[in-house]
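Note that the chains take the letters A, B, C and D in the order they are written out, and that residue 1 is the start of every chain.
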Amino acid sequence: VFSWGGNPGVGSLHRLRDAIENGWPQKLELEEHSHAAMANAYEAGAAGLPCAIFRGYIGGDLAKVNSKIKRVTCPFTGEELAVIPAHRPDVAVIHAQRADKAGNVMIEGVLGVQKEAVLASKHSVVTVEEIVDELPERSLNAVVLPHWTVGHVVEVPGGAWPSYAQGYYPRNNGFYKEWDAISRERDSFHAWMKENVLSKGPEAFAKYARKHRMAAE
Amino acid sequence: VFSWGGNPGVGSLHRLRDAIENGWPQKLELEEHSHAAMANAYEAGAAGLPCAIFRGYIGGDLAKVNSKIKRVTCPFTGEELAVIPAHRPDVAVIHAQRADKAGNVMIEGVLGVQKEAVLASKHSVVTVEEIVDELPERSLNAVVLPHWTVGHVVEVPGGAWPSYAQGYYPRNNGFYKEWDAISRERDSFHAWMKENVLSKGPEAFAKYARKHRMAAE
Amino acid sequence: MADYKPNEMMTVAAARALKNDDVCFVGIGQPSAACNLARLTHAPNITLIYESGTLATKPNILPLSIGDGELCETALTTVSVPEMFRYWLQGGRIKVGFLGGAQIDRFANLNTTVVGPYDKPKVRLPGGGGAPEIATSCGEIFIIMAQGKRSFVDKLDFVTSIGHVSGGDSRAKLGVKTKGPTKLITDLALFEPDPQTKEMTVLSIHPGVTREQIQENSGWPIKFAAKVAETPPPTQRELEVLRELHSRTNRAHAEAA
Amino acid sequence: MADYKPNEMMTVAAARALKNDDVCFVGIGQPSAACNLARLTHAPNITLIYESGTLATKPNILPLSIGDGELCETALTTVSVPEMFRYWLQGGRIKVGFLGGAQIDRFANLNTTVVGPYDKPKVRLPGGGGAPEIATSCGEIFIIMAQGKRSFVDKLDFVTSIGHVSGGDSRAKLGVKTKGPTKLITDLALFEPDPQTKEMTVLSIHPGVTREQIQENSGWPIKFAAKVAETPPPTQRELEVLRELHSRTNRAHAEAA
């Protein structure tokens, strides 16, 4: 279930292409949407609705290749609108700036669908840059996920790397560009994965990510 | 079009009751909803949709006396949902804390449906406590209506009186209680209106409201 | 034992029904007093939500209106009203909803719309507000209402929000998955629905109140449980906290216009 | 006259199409460069919106991704993505949407999904992203794309987002009330839709480019307007601002992983 699969500003996700074009390492089952549809599907999921209506998918081919895209008629105006199922993931994993000890999570910056993803999901894991005693002085309308809506909170400093955490460290755009070369061929991807992931535990990432965050301070 | 017509925490709106019960001074045309319906109707108006769907009006009598409340079936789950027309007022009038000289309006506190009301309406007037050169340091996700979405901005210090403006002055709950007696009878209401509104211009309110705001500082 | 009023007994009994880990949708008036009494006594971590959008608020004084600044200033955060009704209420994130009304029937259906016919009412009440969806979206509903022949009626003039509809499984048959009214707290007694018929049944009578009084103040023949308890009277501490809360509130609301 | 590349001419021509009071939905890459060039030259008050939720942003360097922190820090405010697509895009509050694509046809329909059949593609492209609804919800659409036989095709493999569909009133017949593609800016020329047929038609040719070059780099017989102008070349200032923007951006993105 996706609406865009690329390396932003760089190009293709080569491993995704290899899977779709060549079925390697195996075939993928895909449900393709537009961003507007995904945003509405998460919103409806957070709102406890079974489906979302919006003005979209007019004239294009996506509705022809995705049987989940249907039409509903507004009973007041007669306008035909798109209707799609609400998105209710089993698990949402997001990264945020901070949580307090009770588990209230505060998010600031580019919000995306992070709040909706947590609210729409059956289970959720939130990694944060830091766990604090009390949330800092904040806007009266700050974006906060109250503790009883969050499954698990884990402190992982630098946990967004190679992306960024607003107010902590910037996006490592260099790595996104390097990833293009690493992931282009199966061999180079395998070698990188073996060296950096498969033969190491999560502590290796934790150490590495923390170092990158520190460097930005 | 309303979902609640009372004096919050005090009791009835006597003039509204008189109009509905006795047709005085004239009959009113009413379209009655629930809060959830109104909130969804404003949201759909802001979102440019012709209608809103939600889980509501189950079993009660409101749907029997309001022909605008219809049912639509989710094509994926078969669940019946309520559907109502989007709310698109001709004019929205709201009060906010501040705007900058370009007309960007910043709102903080109990947001209600104020942002949605402005976005859903054909025209809008926003009164503010103060017009500033630049909006102050604020949350990255502050609630701001950009200038090109706002019709008119007018500086009216104390303009929310007898209600409150978060960060400027508190709600005058005493006046809400007094209003109960003033509005209870047609005569007392008329006398008050004549003395305070009909025989005075808007300057009188402006002066009065400004005084009340100053008193709170 | 301290001297206390029936109204205080009602608020205290309602407060006791709340638990420390509850998430409550709070209405103005009696529910607000009960919820904050619970928070200031046995349930300090209770999450209170007002429909104006304030999440996890801890007001020092009771709000007069649902949108009082006090609620916002002491909240974890405040969301817009569309978000409140979509993500929070409809999203199924509220465990207990508190309702009151002008009229109630034996199945705890409520009327806050009109007395008399809808088109030509004898009394036009403020209306449903959030109640129609609170009644069906919250995990369960507590109702707090003083008893009287005009409010406890055999047949509602208008059903603003449903309780157990016509009893039995009639609520579930409408497709509603939440429990509905599980407690009705009055100035005289505590009612719970009969497990089968869903008729509101007296489980506990407040001290000094008789079965006859409960019946006299109701418009239908009241059912009593096989074992009816006596409600423990308010403790000294409960009364003190409640009265301090009310006097703080009255002082704050008394400022001249 | 300064020396410049076709790509720079394309960005400059696109920037010139924007006005000071425009409200633009900006895509990453060429559109982002053009919009910010406009903002840094003749349109200082232009409102730029990125689909990540940033309203009225003024980035000092071009973002690599739609969600770069730079966009948020320099924005009037940042809203959630559901709000962006509901209140802002679908709400009809965006005047100009900028799109690009892997393939375009004569009616400015775009493909960013697949080359080859959908189920067994020769090339799987990243996908539609925001394009399907940007194409129908923005007041009008500007398209910026370098020309070539593989990208300017007679028939798209997949219609990701519509332009003028099959020409004439076929777009309006789908119930779409917005204008659709009003400008197509390439590295060779500027196209606008023919008022009747809606086929994209060359109105202006960039300096030094021939009609033959435009035809050779297209998969259908190109229409030229009755009067074809020569695009004014980039001014010294336009080139300076654009090159400074790119070099600031490259420096910022060059940090080692």
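Operating definition for what follows: a contact is a pair of C-beta atoms (placed from the backbone, for glycine too) under 8 Å apart; a residue touches a chain by one contact, two chains touch by 3 or more.
Just so we're clear, the structure is a prediction, and the values are computed from it rather than from any experiment.
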Which neighbours do chain B and chain D have in common? A
Following contacts chain by chain, what is the lowest number of steps it takes to reach chain B starting at chain A? 1
Taking each chain's C-alpha mean as its centre, the one farthest from chain B: D
Which pair wins on C-beta contacts, A-C or A-D? A-D
Indicate the whole-number Å distance between the mean C-alpha point of chain A and the mean C-alpha point of chain C. 40
With chain centres taken as the means of their Cα atoms, state the distance from chain B to chain C in Å. 26
Measure off the straight-line distance from the CA centroid of chain C to the CA centroid of chain D, and report it in whole Å. 57
Residues of chain A touching 2+ other chains? 43, 47-49, 54-55, 79, 109, 111, 116, 138, 140-143, 166
Shared interface positions of chain D, touching two or more other chains: 72-73, 78-79, 86, 90, 137
Among line, ring, star, complete and other, which one matches the pattern of chain touches? other
What chain pairs are in touch here? A-B, A-C, A-D, B-C, B-D
In the complex, go through chain B and note every residue touching chain A. 47-51, 53-55, 68, 70, 72, 74-77, 79, 81, 83, 85, 108-109, 111, 138-143, 166
Okay, in this complex, where on chain C does chain B touch? 28-29, 51-54, 63-69, 71-73, 78-82, 84-86, 89-90, 113, 118-119, 121-133, 135-137, 158-162, 165, 171, 174-176, 252-257
List the residues on chain C that touch chain A in their complex, please. 21, 23, 47, 55-56, 72-73, 75-79, 86-87, 90-93, 137
Contacts from chain A onto chain C in the complex sit at residues 43, 46-49, 104, 116, 119, 135, 138, 140-144, 146, 148-149
Which residues of chain A touch chain D in their complex? 2-6, 8-10, 12-13, 16-17, 20-21, 32, 34-36, 39-40, 42-43, 54-62, 65, 79-80, 109-113, 115-116, 162, 164, 166, 170-178
